[in-house]
Amino acid sequence: MDIVVAVKQVPDTSEVVDVIKIDASGKDIERGTLVSKINEWDEYALEEALQWKQKLGGTVTAVAAGPGEWDDTLRRALAMGADRAVRVDEDATVIDCSAVARTLAALIRRLPYDLVVFGAQSEDFGSAQLGPMVAEMLGIPHAALVIRLQVEEGEAHVERELEGGTRELYTLRLPALLTIQTGINRPRYVSFASVRKAREKELSVMSLDELGLSPEALTPAVELDRLELVPAGKRAQLLSGSAEEAAAKLAEILRDSGVI
Amino acid sequence: MALTEYKYSDVIHRCFRCGYCKFPTSFVEVNNCPAYARYRLESYSTGGRLWLIRAWLNDELDWSEHLGEIVYSCAACKNCAEQCPLPFSGDIVDMIVAAKGEMVERGSIPSAVKEFLENVDRQGNPYGTARSKRGEWMEGTDIEEYRGQEFLYYVGCVGSYDTRAQQAARALGRVLQKGGVSFGVLGNKENCDGNDVGKLGEAGLFEALAEENVRQFKDLGVRRIVTLSPHAFNAIKNDYPRLDSAFEVLHYTQLLRDLVRARKLDVSSGFNAKLTYHDPCFLGRWNMEYEAPREVLRTIPGVELVEMERHRADALCCGGGGGNFYTDFLGGSEDSPSRIRARDACATGASVVATACPNCLTMLEDAVKAEGLDDRLKVMDISEIVSEACPPKGN
Amino acid sequence: MADILVVAEHRNGNLADVSLEMLSEGRRIAGQARCELLAVVVSKDVTALAPRLARWADTVLAVKAEKLDHSLAEPYQKALAPVIRERKPKLVLLGHSSFGMDLAPALAVDVGAPLASDCTSIAMENGAITVMRAIYNGKVNALYSFARCETAIVTGRPGLFAVEEGQERGTIEEINLPVDEKVERKRFEGYSEPEVSEVDITKADVLVAVGRGMKEKGNLQLAEELAGVLGGVLACSRPVVDYGWLPPGHQVGLSGKTVKPKLYIALGISGAFQHMVGIRGSKAIIAINKDEKAPIFTDAQYGIVGDLLQIVPMLVKKMSELKR
Amino acid sequence: MDSICQSLAEIVGESHVSNRPEELYVYSRDLGTAEPHLPQYVVSPRTTEEVQQVVKLANREKIPVVPLGGGLTLAGLVMPLKGGIVLDMKRMDSILEVNERARYVLVEAGVSQGKLVAYLDRHHPNLVHSEPGAPGQATVAGNVAIHGQGDLAQPYGFNSDMVNGLEVVLPTGEVCRIGSCSLGQQWFTQHPLPDLGLFLGWCGTTGIITKVSLRLFPRKRIRDMGVFVLEDGDLVPDILYRISHTEMAGDLIAWSQELPVTVSGLHNISIFISGDSEEEMELKRKLIRVGILGEYIRSGTGGLIGLSANVRPRLPRRPPVSTIQDIKKGGGFEYVGAIMPVDTYPECCRRGADISARHDIAYTLLGRVIGRSHAMMFSWSYVFNRADEDSVREAREALYESDDLALELGGIPWKPGVYGQRAVMERMDPNTLSLMKKVKELLDPNGIMNPGNWEVS
């Protein structure tokens, strides 16, 4: 079974700290001090793909649409066990999901695949759009937020994660596209040595026009006007009053937060 | 890797499981192996661990998170190497590290270990806190950046990020200043020393860190290094030379000993307490430095030094070695080695347990609280004790 | 005249909360922009659902589809695409729920409309639609506008938009969804409820975390009750495990698990660095602690300084009242 | 975790029970040549009450229970031959009482020999117990349960003869005290109550020992040893007889080994003496050297090697652990020990050397005198390479042959493995055998205690 996995590189912004700054353009953050990593969801997607390759044979190809730095992440994918990697060279910061989707769809069309897997969303923008968009463009069925997968006889039996832990069960005829939810597996550790070894594996780079895409075709449909830093709660808003009053206020806040 | 390719394939089966590895020389307690102390199951003793490793490499046993935890619960404290009567005793810890290395290569390691290594790879420290915050421990001090001073003061990850250990890092800074030592630190440019990364079996990452550090040290013209942490001391002293690095490295207790001997450090304010000293594994068993810290303590007026039943080469590890201060496979029980150690210390009647390692410091600090002994027993790093013994500037 | 179309999501005969939120928001925007609100629901039996939607919508498009008792992406897409093509609504609203994530992107491509997902605020001023999204773990807000498009599709973050009971008496149009006979490429097989196994605090949306400040094991009962009303799970800091109050599986922080819940309520946790490392991914942190200077208050959004043993029971009481 | 594991966890706590492959693997293997047998559960109790609850659970569920101490019998006596629960007793390791005047110590079953020695050294320098020449983690209770002997065997006999009292959890879960302790808190004697010695030598098939009161003996300040070396093994029994007659010697061990070649073919008699004063020592030395060995030395039959004066004070309490098991670089070592008439020493050696030769293993033969030459524990030791199945098989066969030899020469295999037990029972008087059977059936109606051992067919 041939599997294509789409991966993305993101800045590590998991810190509770003031490391994020908006750059001069006002439309991006200063990436200078930030460390890059593979998008967490994509790591699970890769692991899932590799496990099914181990069971059923075939190939795993890692793909990405982004700038040169992203080769680090693709190398990591190769080190994890992907057979080859292809990066479409483009500036990920200025285009939107639909443009990336178009790019990846154009690339994936040229690759052999029975299964395409995406991370359910990205750590940085969290749009959760890419997978289903690409599926629609490729004209294949998809399921988002897959938390369990069983592949047999040209079919994928999946469980989608719904609110409150309930799961939606589907059977998809291959070829199909799945977006993978964290927790579906335990991604393997990628040792330093294996990353070195992976340097020998094939990592090809394609340009947009090699894919027959014009930059115009990629102009964002949703335009980013500006970014604003969320004022970090440097200090908690303390709820005053008696135990009862404070508790009452907090209860309201909790209700309005909608978490419950 | 099949058993045949394992570096110790011709040795590992030679463990008879006689059990000496569980004891100190005196045999007073069977729990001198921190992992065995915590679980008291043969699987967690060194012998059991070696037999399991062999079974795994021999495909008699599949890898599991639990197997990973058993292997990684080894704190690399070297008690077994000290006690094993057989000729290969010197290799035991390496046998376990080699097995960890194989797990690393296969990508099958416990989640906590994975986090540790990925954090170090990304941010240069196990906690995953930003590199750009490594120097924050210095805020409010006038400690200089390193630019060609006599000593590079290498702080290490725990001293740089752990709020409790930061106090020791700052205290050592003050003491070195009072001792008139010319030194500087790397601040945000400092990177993980890799000692525990190596003990977790990630040889590749360790080599990379070591090469990077050696390069940086050389570029800055570093000749002499003093470390806060025995872990860093061990790596720089015993492992870095493989990369033809020629630095003189001292653990700070050795430097302080020289200073007090040379009367360059005035500790006349003294420190009035009955205290006991906990030997850090990477200073003691790994580098046979038992005297320097004790000599420093003895020279401080008012200090009454009493020993725990198990000390020096027989000291019980705090359970923080081999990355366990982070991965914590030995925590969460009254049988956790750090808590046994806290009780050992308390049994001496001392009011202070001193140590000379940021890892031990944080482990014991937590343990003393967990044991509810905080009102009776204070955990202090020797740097803090010396700092209190130094008269305020101008005197 | 430009419509606002709200896609109604339902399961087991109930409308999803997020759909009510979107209906309310749609109603609000429609009011401001003086345009019509159209709600679409697809089900084999729409008689119960449609009238509810009519309270917010001027028009409810009730699409009857055989064999369909729940909101599933594919039939919804089949039903919605032609509607959107015909009516060209200015704005299509749906929740950023599991269903929304499955449906919206494919629908957007299908009808060639731009999509902004997981939005935290939505505005339409003289025809121009702008939205806000939280990115980079909620540390940055991104403001977007939709350039030259007939229809914009927006999914809203669940639980963020207030629900206001609708006052409308909208009309209901029923149509039938032509079920195509060709074998489905995607076959719905039903639902499964996860077997209740050991707690996994890394999965929980709501964590009620207890620390040394709980004073004694007996007091954990209070935290459990709170977790009960919040539909959350009990977590704890290192000492609590050390004391044997809770098994290690519950421990959060350096030596415990790293968690990223939507809501993290810290009871009697001072917020030592070792603990904070483990919760920095939390969306919202709320702290109750007797020590006003406890570092936890630095990272918490809201806090109460006071005695847990008084406050927590109060909070439980208030919450259960509000839930009724 | 299955339901039984859950129940066990409720009894001893989650950290101390396991049914995971890793623990099961480790506890399925003995250090000797025995074939592995997987348990279903491994449990490490802390208190008698916990042992009691585990046994009751096991009875309810009809699960075998195998008590484990140091696990150093090497004969596979702690292998779960029929699965079930391995009960690792080493967490029960408190030293409960030392009565200086009545010279006894009360310990929990898991207390190791090493810990007891260290404890007495530190707190009761005038007292010693009879310590077996085993690694320090061997347990006191495990040793008496198999009728072990120690370095005081010559003057005082079997360790199991030094037991003042026992606390035992019966196979049906009741806690039972044997000896003066059954009347109160006095642990100083087993006699003169009706003899209930049903728990020693049974290898845990009649109950689980949870406490032992053990006799202690005067510890002399000065120790010394000499080794009398001779070629003619036939003379050894007579020499041992005469030395024991002087009542001046402590531990008496005759031994002969093939390696190193320099000692090959020789017989050695290690003679330990101790005393409180140099005068006492000198007298003892004189009575043995001059009185007994003198004539042999003059006739050139043999010679005596003594310790140099500067070594003497450093004579270790416990002989440094033998690294003999590593000769084959294979970490495997097992021996047949048998209680033999001292007169059979020469034959034991000759035939033992033959067995070793047949299996291509360097011979290591040793006889420790028990009592005033009343008997000796004679051991035929065989090393093997754990990683080499042929080597393991050779050793196993040599061990079987040694069991048979011991019986043939009128001795009794000590702590025999299953093979030895069967061989013993084949020769046993049928009435005695059926009595054993009755006792077991009476105490252990469900047959859950270390089944497969002492199984009267």
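As written, the chains take the letters A, B, C and D, and residue 1 is the first residue of each chain.
One rule holds in what follows: a residue touches a chain if its C-beta (ideal position, glycine included) is under 8 Å from a C-beta of that chain, and two chains touch if they have at least 3 such contacts.
Fair warning: this is a prediction, and the values are worked out from it, not measured in the lab.
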Exercise for the section: Treat each pair of touching chains as one step and give the shortest count from chain C to chain D. Expected result: 2
Exercise for the section: Would you mind checking which pair of chains has the most C-beta pairs in contact? Expected result: A-C
Exercise for the section: Return the distance between the CA-based centres of chain B and chain C, expressed in whole Å. Expected result: 46
Handout entry: Centre distance in Å when chain A and chain D are each reduced to the mean of their C-alpha atoms
Key = 64
Problem - Centroid spacing, where centroids are CA-atom means, of chain A and chain C in whole angstrom - result: 20
Completion exercise
Per the C-alpha centroid definition, the whole-Å distance linking chain B and chain D comes out as 40
Handout entry: Overlap residues in chain B, where contacts from two or more other chains coincide
Key = 128-129, 333
Completion exercise
Multi-partner residues in chain A (2 or more other chains touched) are 14-15
Completion exercise
Which chains touch? The pairs are A-B, A-C, B-C, B-D
Problem - Sites on chain A touched by chain B in the complex - result: 12, 14-15, 17, 19, 33, 35, 37, 80, 186, 188-196
Completion exercise
Note: in the complex, chain C contacts chain B through residues 212, 238-239, 241-244, 248, 251, 254-256, 258, 272-274, 277
Problem - Residue ranges of chain B touching chain A (in the complex, touch as defined) - result: 104-109, 111, 113-114, 117-118, 121-123, 128-133, 202-205, 207-208
Fill in the blank from the handout: Residue set of chain A touching chain C in the complex reads 11, 13-16, 20, 22, 29, 96-98, 101, 120-121, 123-133, 135-137, 140-145, 157, 159-163, 165-173, 176, 179, 183, 220-230, 232-239, 243-244, 246-248, 250-260
Exercise for the section: Enumerate the contact residues on chain B facing chain C in the complex. Expected result: 115, 127-129, 161-163, 326-328, 331-334, 336, 339, 366, 369-370
